[in-house]
């Protein structure tokens, strides 16, 4: 039962977990630094060289704090909410491949995919998990029994539900192109071509990419769509009442979601681990590079664009993004039918 | 390997629980939830039969059932809201305006 | 393979347990969440039955969409715990007793049906390959095309109906734009 | 191809009804006339196709779809073109088109939407008439038959704001209904007894029989059909609606009298020539009725003062001629007269329309006169028409009418011939009385009288129009001859009235009787003893003699009219004064309307008011209310079950489920 392959897969699982955690930490650091640079500041410098240990300090600080729970709150749900958020964030990543199949230099007799699980309905899986993510927020808002939280929760859930549609449409367009639901399959469909670049779906789906990224930003409640925690109006939105580690979990969930969205975007549009100059077994470097760029893009956008008004957000989602994505899907399907892409 | 009867018994169990919920609860929303439970019990039978008869019809029918369930839930909840605005309660026994 | 059976019992336990709780829970929000749990259990069973597509659909549509709807309504109405209307207690109590009996009778009938059904015979025919999503999709859009269209129309109608039913008060104080 | 002939006017109808109010007048008129013109072209093409076929199988059939399909009773919606219908469609579309064209100018004073409505009706009328003549079986024909009736109602009552017009419309409709009842009965009888409604099959069947010496099934069918025909074709006793139909716009009168509706009866008999040929008694009845009608109507026509009524009665009497021809078995002659009559009667009506138009609504002959100078075109064309109908040699009427008279005589009915001759004298007389009164002599009126006449005669729409621009009350100096759109049809029709006769120059005059031979396939009748056979071995000399006689008669009639109304205008009044009884009798159209009213209408009214109404109120209403009662009671009972308790409903549903499952488990 415990053969090397299984061990390898467990190892991968562990690796992904750790990597996600650390990426969250990395994001914190990057966010601060980039923000600082954009605002002509130095950002964290004290803790460690270049303040590299700053995230660690943050985490310790959070862990040290007291975990406050409002009296009127619903105990079970209040505890459950952050767990749901975090869990969804992690599970979504499970189907994302970050490298080609490898035998670890012949260590294994059969190659294993560099990903937790290669489901053949991976896209739908991502979709499902994202939709489950709403619950974390809604419950957080409702259970903590405070108006700011509830408003923030309702806002964010409405926002996520609205943008899930465009999100799904954009995904569907890619499905039509690649003809498979397995993300690995999609990535492989983009391999080859000039410098391993010319087959990326980005070139076929520029509009789709745009829609996907916009919807993704909305899904992760990031600026300029960060209404759930529009601090000027809602204190901190759905996690106003949270503190200490349970707050940290939401925090974590948010960053991991960003990572997931970027990773999926990378696999769907930017050819995943495909890239020039590197041997296939080093493809994961390309993958990380692309994800990193997209994450930077996130932060960059946050500090560049002002926040929308809520009705503008809804109008944008329903009246512009959704129709656009539908048209995009139709055009793609027509193209596939016509050119047999 | 769980055989067909396992699934049938399970779905029967779920269905009965749902029925009981519909009949016993005093909260319209819970009643609706129980109805969803019943639907799911039926779905399970469809899938199980489809699986053991080796046909995909089961899955397709379930697909439609789910779609219809969505519509049903939407309208049902809208009705609940409308009712709640009239009689400030969710107790089905309170909706007696249509008494003949 | 035993592993499969274990999984079955696991998921079955989840489904039954959560469903029972759904019915006995007095707090609607908890009921909704527990129901989601039972859906997830069922999804697991679907995967066991080699219907991953339906499993995911189940989670997306049921757990992801319909239940959110329920949750919203519950929060919106800020549903009170089981309000008991004194006036109609009596006959409601009587009907509920009858109902309980009938439910039991129904369960008995189902069990009986199983014992004398011929399904035991084909209980191990389950070695047919799973159906891929494309296969299912093609059947839906070819053989079941009409049903598909009909369903879409049904959904449209449901949408209109729901909005007219629930959104009436909005249009009355004409703030219908965000309704 | 055939389908398009009735379909085109129908499309025109649809366009004008749906979009008419948004169309401009010109557009509406153009649509209608255009549709008719194209239909005319279509008819010409298909008739040409027909003529190219060898004589014996000259027939085009088109089955559009199976209309009624029950086990052994299959009725296709089928069209059939044979020589007879060929003549008819040419007349209907051709003359119909001219009338449409004429109307565009004549009705120009209407409101745009009224205008569109008018043309919509006109097109519908034509469409139904074409369906009628093209139908290959009785049912299709019946559709056209009823449709024509409906359109006549709509068109006669077109100025429904005017009481008289509305009543005339109703009268036409109801009188037609009476005939239609008989018609339906005839068709049903034919179907039940002979098991078919298709003309071909019926003819084939009956041709096998021997002519009925005694009154039998075939005779019954024939008689019923004939009664139907009298309804549509205004024969005694059902002619009374036609004169009143003058309340409609003049082009409508032209359409109804000349081209379409009234000819339907004649067509019907021609179409079923075989049936009639096998019912000698009925044929005799037809002949007698026709002759009587001719005489009676001619007599009334002599003293009428309303220009259109004179023409109306002349129509009735000409139709009488046609039936006379039919009755003596000279079907071809009848159809021939129908054709020529279509030309000159349309011409006369349109001419009179031009006069009325010029006099802005004046219709009374006594207020006319001396129009010759102001309205040259109208005058000359009208004169041609009058000569044609009077039967002056060389013009259309001469050939057709003489053909009829000759056949009658040859068929051994000298009495009928005599009456017919007298009638033709009358015809010549009243036509030229009309001409002289209207066009010659001096104006017997002044502007005021005209205006008064207009006011009294004109329906609301016209009045408005005239009040609108009454800055100059119309009088002699302002009379305007027919505008081009009206003049063109007049001229064309005049030419037609001259030439139409030469289609069927009898052998006696060295002609080839083209039309007769052309029509033979449709009308070929097994030589039934006596009548048609006789014509064959009649000598040309006899025919010549009769022709001379009748032309003399015509000239005489004209002479008398000239004498009485140009030389001695006093005499007519004197005569009227001398024989007041007879004069009044004729002027009041023989009090027929009053008689009918007393004998038929009043009894029915009193019956329904006093007896039937009570029966209805008690029995029928009682039954209906009783139903309502029962429903209400049972509802009240069932209501108890409706407790409004959601849970109870659910429980009952579950109960049902348990029971059903239990049942299946037991069994």
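Letters A, B, C and D mark the chains in the order given here, with residues in each chain numbered from 1 onward.
Definition applied: a residue touches a chain if its C-beta (ideal position, glycine included) is under 8 Å from a C-beta of that chain, and two chains touch if they have at least 3 such contacts.
If you're wondering where the values come from, they're calculated on a predicted model, not measured in any experiment.
*Asks:* Please state, in steps, how far subunit C lies from subunit A along the shortest route of touching chains.
*Replies:* When the steps are counted carefully, the minimum from subunit A to subunit C is 1.
*Asks:* Which chain maximises the distance between its CA centroid and that of subunit A?
*Replies:* For subunit A, the chain whose C-alpha mean is farthest off is D.
*Asks:* Please report how many Å separate the Cα centroid of subunit A from that of subunit B, as a whole number.
*Replies:* Roughly 34 Å separates the two chain centres.
*Asks:* Rounded to the nearest whole Å, what is the centre-to-centre distance of subunit A and subunit D, using the mean of the C-alpha atoms as each centre?
*Replies:* It comes to 86 Å between the two C-alpha centres.
*Asks:* Could you please state the distance in Å, as a whole number, between where the Cα atoms of subunit B are centred and where those of subunit D are centred?
*Replies:* That pair's centroid distance is 71 Å.
*Asks:* Spell out, as numbers or ranges, the residues of subunit D touching 2 or more other chains.
*Replies:* Each of 643, 645, 647, 650-651, 654 in subunit D touches at least two other chains.
*Asks:* If I count partner chains per residue in subunit A, which residues reach a count of at least 2?
*Replies:* none
*Asks:* For subunit B, jot down the residues that touch at least 2 other chains.
*Replies:* Residues 19, 23, 93, 96 of subunit B each touch two or more of the other chains.
*Asks:* Touching pairs of chains, which are they?
*Replies:* Contacting pairs: A-C, B-C, B-D, C-D.
*Asks:* Which bits of subunit A are touching subunit C when the two form their complex?
*Replies:* On the subunit A side, the touching residues are 74, 76-77, 80, 119-121, 124-125, 127-128, 131-132, 134-135, 138-139, 142, 150, 154, 157, 161, 181, 311, 314.
*Asks:* If we count contacts the way the header does, which residues on subunit C are in touch with subunit D in the complex?
*Replies:* On the subunit C side, the touching residues are 88, 91-92, 95-96, 98-99, 102-103, 105-106, 109-110, 112-113, 116.
*Asks:* Enumerate the contact residues on subunit D facing subunit B in the complex.
*Replies:* Going through subunit D, the ones touching subunit B are 638-647, 650-651, 654.
*Asks:* Looking at the complex, which residues from subunit C come into contact with subunit A?
*Replies:* Residues of subunit C touching subunit A: 29-30, 33, 36, 52-53, 56-57, 59-60, 63-65, 68, 71-72, 75, 132-133, 178.
*Asks:* Mind listing the subunit B positions that touch subunit C in their complex?
*Replies:* 1-10, 12-21, 23-27, 29-30, 32-34, 36-37, 40, 43-44, 47-48, 50-54, 56-60, 62-64, 66-75, 77-82, 84-85, 89-91, 93-94, 96
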